[in-house]
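Here's the structure, in structure tokens; my notes come after.
As written, the chain order gives the labels A, B, C and D, with residue 1 at the start of each chain.
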Amino acid sequence: MNKSTFGRHFTVTTWGESHGKALGAVVDGCPAGLSLSEEDIQKQLDRRKPGQSRYTTARKEGDQVEILSGVFEGRTTGTPISLMVRNMDQRSRDYGNIAYSYRPGHADFTFDSKYGFRDYRGGGRSSGRETLGRVAAGAIALKLLESMGISFCTYTKSIGPVEIQEFHSEEINNNAFYMPDAAAAKKAGEFLEECMKNLDSAGGIIECRIQGVPAGLGTPVFEKLDAVLAQAVMSIGAVKGVEIGEGFHAAEMKGSQDNDGFISDDGVIAKTSNHAGGIMGGISDGSEILVRAAIKPTPSISQPQDTVTDQGENLSLEIHGRHDPVIVPRAVVVVESMCALAIVDALFGNMYARLDKVQEFYKK
Amino acid sequence: MNKSTFGRHFTVTTWGESHGKALGAVVDGCPAGLSLSEEDIQKQLDRRKPGQSRYTTARKEGDQVEILSGVFEGRTTGTPISLMVRNMDQRSRDYGNIAYSYRPGHADFTFDSKYGFRDYRGGGRSSGRETLGRVAAGAIALKLLESMGISFCTYTKSIGPVEIQEFHSEEINNNAFYMPDAAAAKKAGEFLEECMKNLDSAGGIIECRIQGVPAGLGTPVFEKLDAVLAQAVMSIGAVKGVEIGEGFHAAEMKGSQDNDGFISDDGVIAKTSNHAGGIMGGISDGSEILVRAAIKPTPSISQPQDTVTDQGENLSLEIHGRHDPVIVPRAVVVVESMCALAIVDALFGNMYARLDKVQEFYKK
Amino acid sequence: MNKSTFGRHFTVTTWGESHGKALGAVVDGCPAGLSLSEEDIQKQLDRRKPGQSRYTTARKEGDQVEILSGVFEGRTTGTPISLMVRNMDQRSRDYGNIAYSYRPGHADFTFDSKYGFRDYRGGGRSSGRETLGRVAAGAIALKLLESMGISFCTYTKSIGPVEIQEFHSEEINNNAFYMPDAAAAKKAGEFLEECMKNLDSAGGIIECRIQGVPAGLGTPVFEKLDAVLAQAVMSIGAVKGVEIGEGFHAAEMKGSQDNDGFISDDGVIAKTSNHAGGIMGGISDGSEILVRAAIKPTPSISQPQDTVTDQGENLSLEIHGRHDPVIVPRAVVVVESMCALAIVDALFGNMYARLDKVQEFYKK
Amino acid sequence: MNKSTFGRHFTVTTWGESHGKALGAVVDGCPAGLSLSEEDIQKQLDRRKPGQSRYTTARKEGDQVEILSGVFEGRTTGTPISLMVRNMDQRSRDYGNIAYSYRPGHADFTFDSKYGFRDYRGGGRSSGRETLGRVAAGAIALKLLESMGISFCTYTKSIGPVEIQEFHSEEINNNAFYMPDAAAAKKAGEFLEECMKNLDSAGGIIECRIQGVPAGLGTPVFEKLDAVLAQAVMSIGAVKGVEIGEGFHAAEMKGSQDNDGFISDDGVIAKTSNHAGGIMGGISDGSEILVRAAIKPTPSISQPQDTVTDQGENLSLEIHGRHDPVIVPRAVVVVESMCALAIVDALFGNMYARLDKVQEFYKK
């Protein structure tokens, strides 16, 4: 696949920088006939909007999406869907020493190493704003999957050391952290207050549960469904780890504990447990798919940090301006979007796995 | 990328099943001029050979590799390198209820779901033997990277609950588990004896450290170097989790702890720590790359397990024959191979990132 | 490669329909550091603008390009370059029987067959306007190639039965047909007048000559440079044939006539002729590359034509409105753009063909 | 797509050189359930076998194919199918000045330019023997297409200046040239005798007609069905031109002549002619697909030719040994194979073009 393109059958190509004119995505391979409006996409974009709580930046990001192609009379036409969000605020300002020094935890140094120079006005291409294109494209994937009975439940499992103890899906949208546990959300808030007081930041863990995925998606070797999900999720800026099902915990389990048995009820086969997280040998088994992502703490903190300029001079850097003390809540919809893109791609890729089904498809 | 193909510039396509005539790989995109012999590849294949200790199966797997194309007078020609290993033992035998029942923890059920039937003589395409092709191809990648000063150190970090406490690289090849800690290896052996006595199995964690990778490899969005490594490693059969650098631990850290500072010594820029694991914003930063993989316990155990037949009848299954109580040691070279394939691909993909370098390349 | 994406290293993804909000392209894989402005692109777009002579439609197509990303302070950054051209005139009008009948020579019928419905307001995705994205992307490729000493000369070889007899490169931009022969251009004009009087249309042949391409581009098998050029050029709407060098004429030649000999002048090797058109065994040989494309006559003609409605009723259709009696002149820049995209892609793909050159690249 | 891989859904990767140990192909993406034996493949390989007439080389090429993977109990399993043909004769001999001089019309010079050295024992990777892998893979594609009612008729249209005047399909296999016209075949034989007497060689034109292809295959832009066919066919060694339908002749036609009308008979829509060659706007229209390929004369001739050594010394080269005075007859099955590979790939790619069909597919 190409550098800025994800997927093989249903592909998304994102473009745009944090301080450029606009950001967007081109979705290619969406089947004809899906009902689609700008509202469908806006709804998802709004889930990642900042300024929704005191733990996310108050910067004004209008982020109104425009569909430029691929939709006619309210339905997708089968041709590329071009999505664009204009950047509101591109006025020049004094970027101070940010412009020529390497912020710790950011991609400034590696961009200079690779390309010889960089857009110094912000994260550029590696800014979190790039995920706008992913979320816009993901909204289409989610709508398509919903029409086929596939649904997603994505939420924050932990913020720093604060982990959920209970799971109430209806609670997820009731708190600023998208946690399915009100008590944990309260503790997470207290923990973040402390972080902010110390000019520090936090990370966390996101879980995505996918229901209704038919058995048979994914392929046995390099494009295992879990491998593609791993790439999809790890390609999100701050993600440092990905797990499927038991994940790292499986490494400590015994075979007799980790294996999922099968049971038949009048010929209907089901699993007796789901340690595998819905994927066996790289192929979906029809049970719930469980993906987990570790998000590192926000690298932009106001404490003084040791770094260097692009001329190789040592420097103590203080990054001012408002920054999220935690990006986990805003990343929830990004993880969901990437998983949706991977699932819809696998859905199409599975359609020519069996000759009898191909023959039947073309008989009509 | 295709289903059985990994990579964009330096690609490997594996083929073959556990009980077919042969297994192999086609490596395409290897530059001309690399010195290469069958011994170079055999050396790596021997690292994954079973029967080397009482914790790996005693089955006789000769696994002699043959180079069928792409090498002329001891050097690669730039054309596809075809590698083949004949399966020694394909004689038919009675597969008993294995042939028509779904082994827990295996891909039997999902293969039937996807393809309508399967090669019931073993794992078929999802057998661990498929990794022969990966290791053979990886040997070429490793040799190429070695010629450019890039080296790998891959080892077992834990077996079940037994984790290494010390790191002595010279110890890695001294024990059956490829652990860099003799005391931990001893404990791991005791733990496995217990597992075997209970007809059970264990998993573990593998770490791969890569040194000498130049800064600049990888791209900012979907083909982040860590995202590609995640896909590469998660595409190995038993892997359930992947981490880069601090991995899931980063989710509990504060920004002030996780951020790696920079320091300049006479203009030479270095990082003051490496929590990021050598990759920032998806691009290598020149420091050591650290990848970690969680391996689930071997699914084949001799305890009776609840499962069903492919006709939907309930069944208590006992899997006999010799099986590794742990596959972690044999997976070490597979993880290393997949990481090497990802790195060499990124190395080539970076060559056209800057116009001045492209111009310079063609000036000569 | 994806459906709406061309290239492997330097890729272009086009999007947009003739009557949608906008059309555009995303160019990914352009190296950092290329000087680029909207004027550079506009210049090429203007070469395909209609209304420049009485043989091209007078519709007002402003076609002002906007660069939305990937350029910072006048230079490419190495990240995706998003290009957009707004459609000026999208007002609804009565499309009459065009809306529900199949225009002969157009893609109306096949679109309905594939997607179940179509944007009936014009050619939609298969309109000639889609080539705006190709030309915009091609402008970047051309600028990049120019910086490396690679230049293009593209012109009309024939219009209907009128073929050039002489070649004067300075004449190409002096006539409405981009013909390098003033006398032929005059005759072509007369021929077209006759066509228009008869409510008919004409086709023609375009030649693209590429100079300065280094030897070594292309690969020996499926991605032969000529094979990629063939796909590139045949993917242009009205193209029905592609030739390299002698093309179909080679089928009538003898080996002793068609073979290009070599000659050495003080060690500098040159070919004694160029029947091969600059490509041997799929790889460029350093001499001029010659590509030829056959363009069919414009399918939109005002004569009554037999066709059917999408409900299967027979119908005599007359297509009114202004249409080019010949699209060959406007296609010249499109052929050039597609060839440029193919060449720049091959240029990057060749950079990792030899190990010694890879090693040298990374030594610095 | 990769260098030695063709296709996106149904892919073939070929490997091997003319004088290496073996040649072969890996077919990935073949659906499970296709009945397949080595005989099915051998039958096609035998169509390209040399030594079948006095116009093809008498070299002994056993070319027995072996299926190494992907078939179980006579049916494809959905996993990669590895096909291998051993080279019989690899004994070293004296290659004389062939080893260090550039044969006119061959890829010797361009290989050296690209890779720095080459396998001097013959054409290496650019030998016609590479097509063994294509034909073997094509045999699978053809069998699959046959099971869906898609059939091919491929034949020689001309040898040098001798063109067929009549079409009798039953005559195709009655003469050494696969010409559907006995009188033309006789003349072609006389023409070739003359060529051979003069130590010269000839080219020709091959036509491939494909019947039963459903409407809707191909996509509107870069992966137009005709564009993919053009790449497929132009990727065959000696092909210098490709046409669809009227091809270059269309450039001389008027719109009123070239347009294919539609007619409805009781709601069944058909075309009144097929100048388009079965493809409109890049998408199949359900009528016969017509592809034409121009084959250059065999470059190996025994006349003395001017050339240079790889050290840049001028030389008069005489190529001895037996060579086909014409390769057109042997290329017939290669053109057919490449077209079949392109069609089967498009067949799978079309399965997710419409949402209602995707939904219906997964409902069952």
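The working rule: a contact is a pair of C-beta atoms (placed from the backbone, for glycine too) under 8 Å apart; a residue touches a chain by one contact, two chains touch by 3 or more.
Fair warning: this is a prediction, and the values are worked out from it, not measured in the lab.
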Show me the overlap between the contact partners of subunit C and those of subunit D. A, B
Could you work out how many touching-chain steps separate subunit A from subunit C at minimum? 1
What's the farthest chain from subunit C if centres are computed as the mean of the Cα atoms? B
By C-beta contact count, B-C versus B-D, the higher one is B-D
Find the geometric centre of each of subunit B and subunit C from their Cα atoms only, then give the gap between the two centres in Å, rounded to an integer. 44
Roughly how many whole angstrom separate the Cα centroids of subunit A and subunit B? 26
Just the number, please: Cα centre separation of subunit B and subunit D in whole Å. 38
Hey, what residues on subunit A touch two or more of the other chains? 2-5, 8, 14, 29, 32-33, 78-79, 114-116, 125, 220, 353-354, 356
Along subunit C, where are the residues that touch subunit D in the complex? 1-6, 8, 14, 102, 104-107, 109-111, 113-116, 125-126, 130, 158, 160-161, 195, 198, 200-205, 215-217, 219-224, 226-235, 237, 240-264, 266-269, 272, 276-277, 279-286, 294-301, 303, 305-308, 311-314, 349-350, 353-354, 356
So, in the complex, the side of subunit D touching subunit A is made of residues 8-10, 29, 31-34, 76, 78-79, 144, 147-148, 214, 220, 347-348, 351-359, 361-362
Could you pull out which subunit A residues touch subunit C in their complex? 2-5, 8, 11, 13-17, 20-24, 26, 28-29, 32-33, 66-70, 72, 75, 77-82, 84, 114-119, 124-125
